[in-house]
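Below you'll find the structure I mean.
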Amino acid sequence: MTQSSLPFLTVIVLLPIIGGIVLAFLPVDRLAKYLGIALSTVSGILALIVMLLFKTGDAKYQFVTNHSWVSSLGIGWHFGVDGISLFLMEMVALIFPIILIATNDKSKNNTYSAWLLILEGACFGSFLSMDLFGFFLFFELTLIPAYFLIIGWGGKDRSRAALKFFLYTLFGSAFLFASMVILVVIHQNQTGVFTFDITKLVHTKLSYPTQVLLFLGFSAAFVVKTPIFPFHTWSPKAYSEAPTSGSISLASIMAKLGTYGLLRFDLNFFPQASYRLAPLLLTLGVIGIVYGAIVAAVQKDFKKLVAFSSLSHLGFVAIGIFAFSTIAMNGTILQMFNHGVLTAAMFLIIGMILDRTKTIDISKLSGLQKAAPVLSGAMIVVILASLGLPGTNGFIGEFLILSGAFIGHRWWAVVALTGVILSAVYLLWAYQRAFHKKAENSTSIIKDMTLKEKLYIAPLILLIFFIGFFPSTMLNKISPSVNSLIHHVRTANHLSSQTAFSSKPTDSTGYRTIQAVTGDKSGQKIVTAQVPTDRTNNSPYRSAVSVNKNTQIKTGNAK
Amino acid sequence: MMLLSATYPDSITFVLCAIVVVGGGLGVVLSNNPVRAALNLVMTLFGVAVLFVELSADFLAVVQVIIYAGAIVVLFLFVIMLLGVDKQEKLGSEPLILQRVIAIVVGLAFLGMIIGYGWGNFNSHGSYSVIGVASGGDSGIVELAKATFSYYLLPFEVTSVLLIIAIIGAVVLIARSGPGEDEVKEDISAEIKTDGPKEGHENDVSVSEDKVDEVRSVDFTVGEEQIV
Amino acid sequence: MSVDLSYYLILAAVLFTIGLIGLLVRRNVLVMLMCVELMLNASNLTFVAFASKLKDVGGQADVFFVLVVAAAEVVVGLAIIVSIYRKRLGATADDLSSLKG
Amino acid sequence: MKLVFLIPAFPLLGALSLIFFGRKLKEPLAGYIATAAVGLSFIFSVVVWIKFLGFSGNVFVDHLFVWINTGSFKVDAALRVDPLSLTMVLFVTGVSTLIHFYSVEYMHKDIDFPKFFLYLNLFVTSMIILVLGNNMLLTFVGWEGVGVCSYFLISFWHERPSAASAGKKAMIVNRIADVGFLLSMFLVIHYVHSLNYSAIFAAGPSLAKTTVDAIVLLAFVGAMGKSAQVPLYGWLADAMEGPTPVSALIHAATMVTAGVYLMVRLSPLLALSPDVAHIITIIGILTAFMAAMSATAQDDIKKVLAYSTVSQLGYMFVGVGTGAYAAAIFLMVTHAFYKALLFLSSGSVIHGMHDEQNLKKMGALKVVMPITAVAFFTGWMAIAGVPPFAGFWSKGDVLVGAFSESWLVWIIGLFTAGITSYYMGREYCLAFLGKARWISESSKGKKKSSKKEDHGHVVDPHEPSFKMMIPVVTLAILALVGGLLNLPFASSLKFLDKFLTPVIAASPSYFHPSAVNQIALGVLDAVFAIGGGLIAYFIWSKTYEKPALEFTLFKNAWYIDKTGDVAIARTSTKLAEVTDNVIEPKVIDGAVIGLSKLVLAVGILVRKMASGFVRREALVIAGGLVALIIIGGLRGGL
C-alpha cells in the first residue's frame, strides 16, 4: 500500500460531485456547460496523471488515502487504485468529458451538467473505493442522477423506463446491502473489529453455505446492474428512452459497476462459492451472448440494438470473470474498458444520426453512406471493433477471454464463440439496412460530421486502434493485480496456482517443461512449451528449437 | 383431599365464594339484559371481596366493595338507566361468522394453558424481596399505607394524573355535540321509551334506516332534563 | 393461609376466561365493558393470592392501582358508549366498523 | 534480412495516406500512389528473397514488438521469413501490383476512386501480414483483415442492394469459418501454451493424436470458409458483385489461397494426422468436381471464372491432402497467374461492353478485341492444362500426387480437368466467337442485323486502353512460362520443390513415380485437356443457346447455397422474431412484472384481515395471546 502524499483519488472523486452540486444552484445555463466540461476534464487529467504514475509491476493498491470517516462503524474514507480499477477509472475520466462536450442542443441546462458531474463523481467513487460501505454508497448514488437524467431529458415513455430501471436496480442492491452487513457482522464476530475495509474483510473465514448465500446476495445487485441475461429487461427501455448522455453513462460506465462488483467482491470474498457457482453464471453469460445477439438482430431501433449488443458483449465479460484463468481475467478487464469505449462511440454516432434525421428507426434510415461518408466510416470502424476484428480493441478482449475460458470450461467457450458469428450478423445487417441502400426520403440530404463531432469521436476511434495494436501497454499494468486475484481464488479452491494453463486440480494433469530449441544461425530461439506429461506417447520429445533473445522463458514445473 | 386439609371453615368459604364468583361471571356473560348483567357483576365483586378477606387483605376487600361495587357498577347502572338501553339483547344471533366458536376455543385453550403450565410451578419459592409484611388486621393496612407512600409513591402520583385525564376525557367526549342542537323531537324519545323487552332482531336497531338520520341530529334527552 | 394458593389461581384463571369469552361473544358494548371488569377482578384476585402467600404487601398495593385504572377505564368507556348511543340507540359492537381497512 | 518489415509497411503507408488525403488526391494520383506502394513492397520482397538465398538457416524471425503479454501467455508481433512465406509474398505482391495498375484505368471516373485504392492497399497489407505472420494469431489478424477488405470491396458499389448483401454474406460465411480457426488456436494455446509456429511444430509430435487431429481439422474448417470449399463456397459466386479487379485480385489470386497457405504452413502437424489429410483430399476433389460442373451452366462471364476458381482450389486441397504440398503451392502460383489473366481480360470485355456481363449477349468479340481474345485464349489453354502452358505442369504434379494417393481421386481429377477445359472453351466461344449478339454503336444505322439477334443492346466494344493491356499481357506471358518454376523432368529443374522442402513436412506417401508413369500421366492430362477444349469449340462456336447442356442443377450450384440460405437465414430470423416478440416481453419481462403484481395481490389479501369489527379484532388479539403462550410453553421445553 503505497501511501501517496497528494490525495489524488479523493480530489478525483469529490471534485465532480461538489462541482455538480454547485453547478445545480448556479442559474447560468450558457456557462454551466463549459464549467461542467472544465470540471470533468480536470478530474480526467488527474486520473491520467494517476495512470502515468501508476507503478506497473506492483499488484497492490496504490495512491491509497485512508481516513476514518465514521469510526464507530469502522467506515473509512478509503480510496485506492490497483490494476483492476485503474483503467475503469480511466474509462470514466475519458468518457464523461466527451459526453459533456457532445451535448449540444439548448434544452440541456445547468442541472443537466450538474447531474452528469455528480454521476461522474459517484462512478469514480465506486470504482476507487476500498471501503465496502463507500462502494455501496457511491453504487447507490449513481442511481439518482441516472434516474433524473432519463426523467429530465429522455424520450417519450421515459418516466416508466426510468422508474423500472430505478426500482429494479434498487431491488438488487437491497440484497447487496443485507449481505454486506452480514459479512461485516461475521467479520466482527471473528475478529472483534467492526470494519468495512475490503482488505481486512477478505480474511473472514466463511463456511461454504454462508459463502454461497452471501455470494448470491452480492451478485444479485451486480447481475441486475450489468445486466446479465435474465435480469436485463430494464436495459433496452432505459437505454432507448435515455438521452444520448444518459444511455452512454448507463451502458458504458454503470454496466461496468456490475462486472467490477462481481470481480472485486464476489471473487475476493467468496472464492469457493464463486468456483462452485461458476457454471451457473457462465451459462447465464453464454445465454446472454446468444440471446442478446439473436434479439438484437430484429430490433427496429438502433439504441435498443446497442442495448442488446451490450448485453451480448457483457456476456463475454461474465464468462471471463468466472473462467478463473489469468488470460481470461486480463481479457475481462480489457474488455470492460473496450466495451465502454465502443458503446460510448456507438451511442455518440447514433446521437448524431438522431440529430440529423430525427429518427433512429433502422427501417426509416437508408443510404447514409452516400450522404455522410465520414460518419458512416466512423460507424463501420466501431461496428468492426465490436465485431472483434483483429487489430481493434474488441478482438483483444474477446480473444483473451475465450482462450482463457476455453482452457477451463471448454464447451462454454465453444458456444460463446458462436456469439462472434451472431454479432457479425446483426451488426452488419443493421449497417447495411441503414447505411447501404439507395438514399430515399429525408436521409439523403443530411450533412456529414461537423469538426466538433469529429473532435470528440476521434479519441475513441484512435483508442480502438491503439489498444488493438499495443494492448500490452495496458496489460502490463493490469496483469500483476489480476494474477494475484486469480492466485487468491485458485489457492482458495486448491487449484494449481501455477498459471492459467491448467485449471483442473493439480492431481489430474501435470505439465513438463521441455526446452525446444529451433536452430537458426542468426537468432537462437528457445521456446519452452508446457507439454502435458500424461499425454505424451512413449518417447519424450527432444528436438532442437532455437532460442530467441527476448522469449520469456517460463520457469517452474506445474506439479 | 387437599382442599379439606386446610382449616375447615376456610375451605367452605372459599368454595362458596368460588361458586358466587363463577356464577356471577357467567351471569354477566349470559344475561341478555344489561341490568341483570350489572347485578351479576356486583355479585362477583362481593365474592371476590370475601376472598380478599380470606386472604387477609381486609382493606382491599373494603375498598373493593365500596369503590368497585359501589361506584363503578353503580355508574354502569346509572348509564344503563340513563340511556334506557336495558333492552334484551338477542343472544341467538351472531353476525360475525365463527366468532363464538373460535372465542370459546381460544378461551378454553387459554385456561388450559395457564393451568397446565402453572400447575407445577405455583408453589415454587424463588428468593424474593418483601416490601412489607402482609398480615391481617390493622398492621396490614399500616404496611400497605407505608408501601404505597414509600415504594410505590411514583405510581401513586401517576394514577392521580390518570384519573384527572380520564375525567377530562369523559367530559370532552360527552360535550362534543354541545348545546347547539337543543330542539327535542318528542316522538323519537317516546318511541325509544319501550316498557319491556321485545323479541326480534330489528329491535336492536330501534330506528329504521330513514329515521336514523333524524335521531342522529336530535340532542339526546331522556325524560325531562338534558344531558349536556 | 386458608386454601392453598393454586386454587385461588385456578379460580382467577376461570374468572378471567369467562370474562375473555364474554368480551369476545357479547355484542352489547356495556356487557363487554363489564366482562373487562371481570378480567380485572381476576387479576386482582391473583395479586392478592400471591400477596398473602408471599407475605408481601406489594401485591395489595398493585391491586390498589389496578382499581384506579379500572375506574378510569370505566369512566372513559362509558363516555364513549354514551357518545355512541347518542348517534344511534342500541348500537352493537358490530356497527362500529368505521375502522374497516 | 532486417528489411522484411518494409514489405507490409509500404502498402500500410499507402493506405494511411489515402485515408487522410484520399479526398484531395484526385483520380489518377491516388491510384498511382497505391500502385507504387505495392510495387515497392514487391521490389523489397525480391530483395529479401535474394538475401534469403544467401542466408544459411531456413527460418529468420524478425521481432517487431511484444503484442499481447498477460504474464503467463505472450504473443509478439514478429515476421517470419522462410521459403513458404517468401514464395507467397512474392506472387501476392507481384500480382497485386499488376492488378493495381490495371484498376487505375478500370475504375476510371468512379466517384469513390481513392476509397477503392485505400481498400486495395489495406487488403494487400493484411494479406502480407497473413503470409509473414510468425504465429497463428498474426496469421489470424491478416485472415480477418483480408475478410473485412473483401467485405468492403464486394459491397463497394453499395448503392446496389445485391452487392451490399453479397458483401455481408461473404463476411458472415468467413466469420463462421474463422470460428474453426479460433478454436484450433485455443487448442494450441491450451496444449502448447504459445502460438508461435516453431513452438507448435516442436511440440507437435508430443501432443496426443486426437489433439493434433482436432487442431488441424479446425484449421481446415477455417480454410474451407476462406478458400470456398464445398459447403461454404456460395459467397464466392456472389462476390462477383464487386468490381472485376477485386474479383481478380481477391477472389482469384490471393485471398482465396490463404486457406491453402494455412494448411501448407501447418503441414508438419498435418503429416501427423493422416485421417484429416484424407478428409481434406475428399472435400478437395468433391469441390473440384462440383464447382466444375456448376461452371458449365453459368451465363455470367465472371460467375464461370468464380466457379472455376473454386474448382482449382479444390485441386490445391487435393494436393495438400495427398501430401504433395509443393505441388499445391506450385498450382496456387500458376493459378494466380492465369486466373488473374482471365479475370482481367473478362474485365476488359465488361469494360468494353459497358458493364454487360451476360455471355448470351456477347459473341464475335474476337473481331473487335483481338488482343484480349488472344489473352483469354492463353488463359484458357493454361487453365485447361494444355502442355506448354503453366497449368499442365502444376495440375500435372497435383494429379501425380492424387494418383499416388488413390486412383479414384485421380480419375475424378482427370475427368474434372476435362470439364474445366470444356467450360472455359464454352466461355471463350460464347464471348469471342459465334455471331455478335449485340449491335455496335457505329454499325447501328448501316446494316440491318438478322432478325433473331437484334435484341442485343447498343454497345461499342473496343480494345481496352494501353494501360489496361500491359498487366494482361504480362500475365499472359507468365501463364505461358509459369511451368518453368517446377519442371518435372530433372530434379535440378524442380526449383520450387527444392526451395520449399526444408520448411514443408516431407509427405510420407509422396509417391515418386517412375519416369515412365510420369510421362504416361502427362500425356493423359494433355489428351483430356485438348479433348475437352475441342468438344466445347465444336458445340459452342455454332450456337449460343443449348439448354440440354446447361442443367439448372448446375446453374444454381447444386442448390447448396440456396438450401443454406433458406435453412439458416430463414429459421434464424424466425427464431429472432419469436424471441423478440414472445420470449423477451412475455417470459422474462413477464416474470419481473409478474413479481410486482404478486406484491399487489398480497397487499389486497392482507387488507381483508383488518375487518374493522371490534370483536373480531379482539378475537385476533386473544388468539395471538394464546399462540404466544403455546410457543412459550413449547420453547420452555414443557
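When the chains are written out, they are named A, B, C and D in that same order, and each has its own residue count from 1.
Following the convention adopted for this analysis, contacts are C-beta pairs under 8 Å (C-beta built on N, C-alpha and C of every residue); 3 or more make two chains touch, one makes a residue touch a chain.
Small disclaimer: the values here were computed from a predicted structure and weren't measured.
> For the chain pairs C-D and A-D, which is connected through the larger number of C-beta pairs in contact?
Spelling it out, more C-beta pairs touch across A-D than across the other pair.
> In terms of CA centres, which chain lies closest to the overall middle?
Chain closest to the assembly's C-alpha mean: A.
> If you average the CA atoms of chain A and of chain C, how far apart do the two points sit, in angstrom?
Roughly 69 Å separates the two chain centres.
> Centroid from C-alpha atoms only, then distance chain A to chain D, rounded to Å. What do you get?
For chain A versus chain D, the centre distance works out to 35 Å.
> Could you put a whole-Å number on the gap between the CA centroids of chain C and chain D?
98
> I'd like the Å distance between the centres of chain B and chain C, where a centre is the mean of that chain's Cα atoms.
So the centroids are 6 Å from each other.
> In chain B, what residues contact two or more other chains?
96, 99, 102-103, 106-107, 110, 114
> Which positions in chain C are in touch with at least two other chains?
As it turns out, chain C has residues touching two or more other chains at 20, 24-25, 27, 94.
> What are the residues of chain D that contact at least two other chains?
Correct list: 611, 613, 615, 619, 622.
> Which pairs of chains touch one another in this structure?
Those chain pairs which touch are A-D, B-C, B-D, C-D.
> Using the touch definition from the top, list the residues of chain C that touch chain B in their complex.
Residues in contact with chain B: 1-11, 13-22, 24-28, 30-31, 33-35, 37-38, 41, 44-45, 48-49, 51-52, 54-61, 63-65, 67-76, 78-83, 85-92, 94-95.
> Provide the residue numbers of chain A that touch chain D in the complex, in ascending order.
Interface residues on chain A, with respect to chain D: 168, 230, 232-234, 291, 294-295, 297-299, 326-327, 330-331, 367, 369-370, 384, 387, 389-391, 395-396, 399-400, 402-403, 406-407, 413-414, 417-418, 420-421, 424-425, 428-429, 432, 435-438, 469-472, 475-476, 479-480, 482-483, 499-501, 514, 516, 518-523, 525, 527, 529-532, 535-537, 540-541, 543, 545-546, 548-550, 552, 554.
> Once bound in the complex, which stretches of chain D touch chain B?
611, 613, 615-616, 619, 622-623, 625-626, 629-630, 633, 636, 638
> Give every residue of chain C touching chain D within the complex, in rising order.
20, 23-25, 27, 32, 93-94, 96-101
> State the interface residues of chain B toward chain D in the complex, per the touch definition above.
It is residues 96, 99, 102-103, 106-107, 109-110, 113-114, 116-117 of chain B that touch chain D.
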